[in-house]
Amino acid sequence: MTLAVHELTQRIGRATILQDISIEVRPGEMLGLLGPNGAGKSTLLGALAGDFKPTAGRASLDGQDLARLDALARARRRAVMRQHGAPAFDFTVREIVELGRSPWVGRSTTADDRRAVSRALALADVERFADRATGTLSGGERQRAQFARALAQLDAPPSQVAAQRYLLLDEPTSSLDLSHQHALLTSVRRLAADGLGVCVVLHDLNLAARYCDRVLVLRQGRAHAMGTPLEVLTPATLEPVYDVRFAALQAGDATMLAVIG
Amino acid sequence: MSGSILLPRRRALIAAAGVPLLLTTRGAAAGVRVRDARGQEIEIKDASRIVAVGGSVTEVIYALGGEKNLVATDSTSLFPAAARETPKIGYMRTLSAEGVLSLRPSVVITTTAAGPEAALRQIADAGVAVLVLSDDYSFDAVIAKIEGIGRALRLDKAAADLTAKVRADTADVTARVAQSKTRPRALSFLTFGQGGAPQAAGRMTAADGIIRLAGGVNVFDAWSGYKPMTPEATVAAAPEVIMVGTQTIEAIGGVDKILADPALALTPAATHKRVASADALLLLGFGPRTPQAVRIVARVFHPDIEFPDPR
Amino acid sequence: MSDLSIPAAAAVPRRVKRRLALVVFGVALGLAFLCGVGFGAVRIMPGDMLSIVLRSDVDPRLEAVFLAIRLPRAVLALVVGAGLGIAGASMQGLFRNPLADPGLIGVSAGAALAAVTVIVLGGSVLHLITPAQRPWLLPAASFIGGLIATALVYRMGTRGGTTSVATMLLAGIAVNALAAAGIGFLTYIADENQLRLLMFWTMGSLGAASWGVILPALPLVVIPALLLLRHHRALDAMALGEREASHLGIEVEGIKTRIVVLVALCVGGAVSVSGIIGFVGLVVPHLVRLIGGPRHTLVLPGAAMLGGALMLSADLVARLIMAPAEMPVGIVMAALGAPVFLSIMARRHAATAL
């Protein structure tokens, strides 16, 4: 029961974006995708989301080919949070989060929807400005609103709870201040602990080290290293990928990586 | 449901469905029947409130003395001067059905140039007699207009008098034109020099009609309607006479200005300064003054022949 | 983009605003319709109107004007305004741009070119059809012309099953330019009579409204409009972006095609009987969003209702301002629409200048 890709290769024109990637997102686990820009992280997340049919290989959900499911079926099993600019029109935060309920039309009551939206607003800490138009918010607040939307989407109505769900996040903390970064990732960790399968693209190695159960490091479209943060996030493994020098520092029970050259 | 109450309402409902009105004379005074441009017989029961559309139609109405029943005219009805004072319903090609109906006309008299067709249909469907007369560019069409309008307004005596006069006048002009051994090459412009190419008159225009009646040849008859003409083509056509309305001449600033235009300067017409002009409505309206218009033009076409005004 | 959040006054819940807005638009539409049938060059008293409706005795002339001229015209104004309004809203949702308008996909340009072609060159074809069919030639041609132009734009923007909205935009610009060139040429060779007809058509007019003309055209506008209403959720989702909409379960490619087709039918149908009337599709959705927010559960029906109300009002002005003559309604709409549009733009500019 996983969301996975098998021997996935994705080419666009002459460029090979991903080469022969096989990974799986397991329930209850946070998988981090790391690597420099252009390494293929977002594309890999897109493959897991079912956004495209890969050049070679396949994506699967619970063993079934992801391409076989239509958009609505996928939407009921997984939610995606990406970075993007302001919506074209001035929706309020609440309206954006309500959009997260669209896959559940016909399978959820209005009361269920309202509750799901309230829960999502609370969890993403955006209740304060739920009825403000997104155009009046800061980048970080907008990002948290999108997080709330994804949460609302995952909040299955009672009749549908049984199926395993997944949350895919692409750089969810990029515009957030420090406290909100940790608040968001902590919420996600808690959801994972409740059974959600999570895959998150992160730029910040230390956040990955702190919150992810496993990480995959991509380099030029190939899997460079895979394993627990302890195993993978070492200067030896990472220096060839990022082309900088790292030093590992101990701070309490956490290992931090600092760039030193 | 008693018959006499039902009938008017039924009629209006049929009209509302867009079916052409069935004209019955039950319980009403007998009307006159006039043949229209499409050969249909239009019954006109009541000519007490007339809306006239088209300069020539209005001219005829005044000439027959029927103007006391005239309630409104269109924007092209400019002769006689009194016609300008009547209420205006707009341009004859862009009529508004409800607008015309708001004047409570009993008959609308017009020519085939009027439009849009949908508006005329709606007016007819509302129970108003709509008489559409032919706008052919010939003396016969003029006579037909006078006769048709005379009949519609029950002014047959006046119409007979007027047609007799027009026929006599026509005969006179035609005979004199026939005397000429020459058929000068003529070119007529509708608009000139007001931005955009000059619009020359081809076949099937009023100007073409006048040119032929005056014994000339239209150099631009390869086209129909008013079309823009290139200066080169004008020079190549080598017209001997230019025919143009006085309003157009005034708009440009005089005959000399026109003839100085590169399009015309190299033509025989400019060299010999042969320009035939008259008021636009007189010249091109094909109303009862048409013989006069032909006379004016013929004088320029055939300077060797006399065209005295009738007494 | 600053990192400071802008504090705002306590907001009325959008849901409430939406319901209120729908009621307001409905009332506006009702009032506009009553004015549209109640006023005109011919004075018909409310008492007489009641008699006509109740089928009791009344002057047949008034009855004819009311039932055969005013009523179909009001219905046409309502339907055309509603169709253009909802089509405009759908276009803005599809292109994710509040400045989009149905003309972007080329339908109006194609319809105009076809109509002008018929007006200027149609004389040679007229003898091929019966007089009874004559009034149909122009509307039929313009409808088909609109569809062909849209098909062209759509084909140019679609490759391998994927429709690029941005490419369609460019294709639409090209098609509009081509059509303008064609119309320009035809205008040049047109004679006096044709010129008048052509100007009349390109400025828009509801004057040809009679039951015979509008009854076939109504379903062409109404049915696609009703179908467009059902896409409110998809359009909301698409406002977040096509990828996001897909993640929310929307079949984006299918929706794009469907919306383009429905807008082409709806606008093509409207334009074929009323000529080109601009601004409705552009301005009305803006006004609706200003009042009740951008959720399409409001914007789509709201744009339809407000569009109908606006068209009815513009036509009223067109009929009364120069009575007994009438002004092309497209001119009135532009005269009303342009200042409204400018003030909307000025507001947006002020709001985002913080």
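As written, the chain order gives the labels A, B and C, with residue 1 at the start of each chain.
Criterion: a residue touches a chain if its C-beta (ideal position, glycine included) is under 8 Å from a C-beta of that chain, and two chains touch if they have at least 3 such contacts.
None of these values were measured; they are calculated from a predicted model.
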Most distant chain from subunit A by Cα centroid: B
Innermost chain, where centres are averages of C-alpha coordinates: C
Subunit A and subunit C, separation of their C-alpha mean positions in angstrom: 42
Computed distance of Cα centres, subunit B from subunit A, in Å: 80
Whole-Å separation of chain centres (CA-atom averages), subunit B against subunit C: 39
Subunit C - residues contacting subunit A, complex: 1-6, 8, 11, 13-14, 96-98, 233, 236-237, 239-241, 243-244, 246-252, 289, 293-295, 351-352
Of all residues in subunit C, those that touch subunit B in their complex: 40-43, 57-58, 60-61, 63-65, 67-70, 135, 188-189, 191-194, 196-197, 200, 207-208, 210-213, 319, 322-326
Subunit C partner contacts - residues on subunit A that touch it in the complex: 49, 51, 70-76, 79-80, 82, 84, 87-92, 94-96, 99-100, 102-103, 105, 129, 131-132, 135-141, 153
Residue numbers on subunit B that touch subunit C, as the complex places them: 5, 8-9, 11-13, 15-18, 72, 87-91, 93-104, 113, 115-119, 121-122, 125-127, 190, 197, 199, 224-228
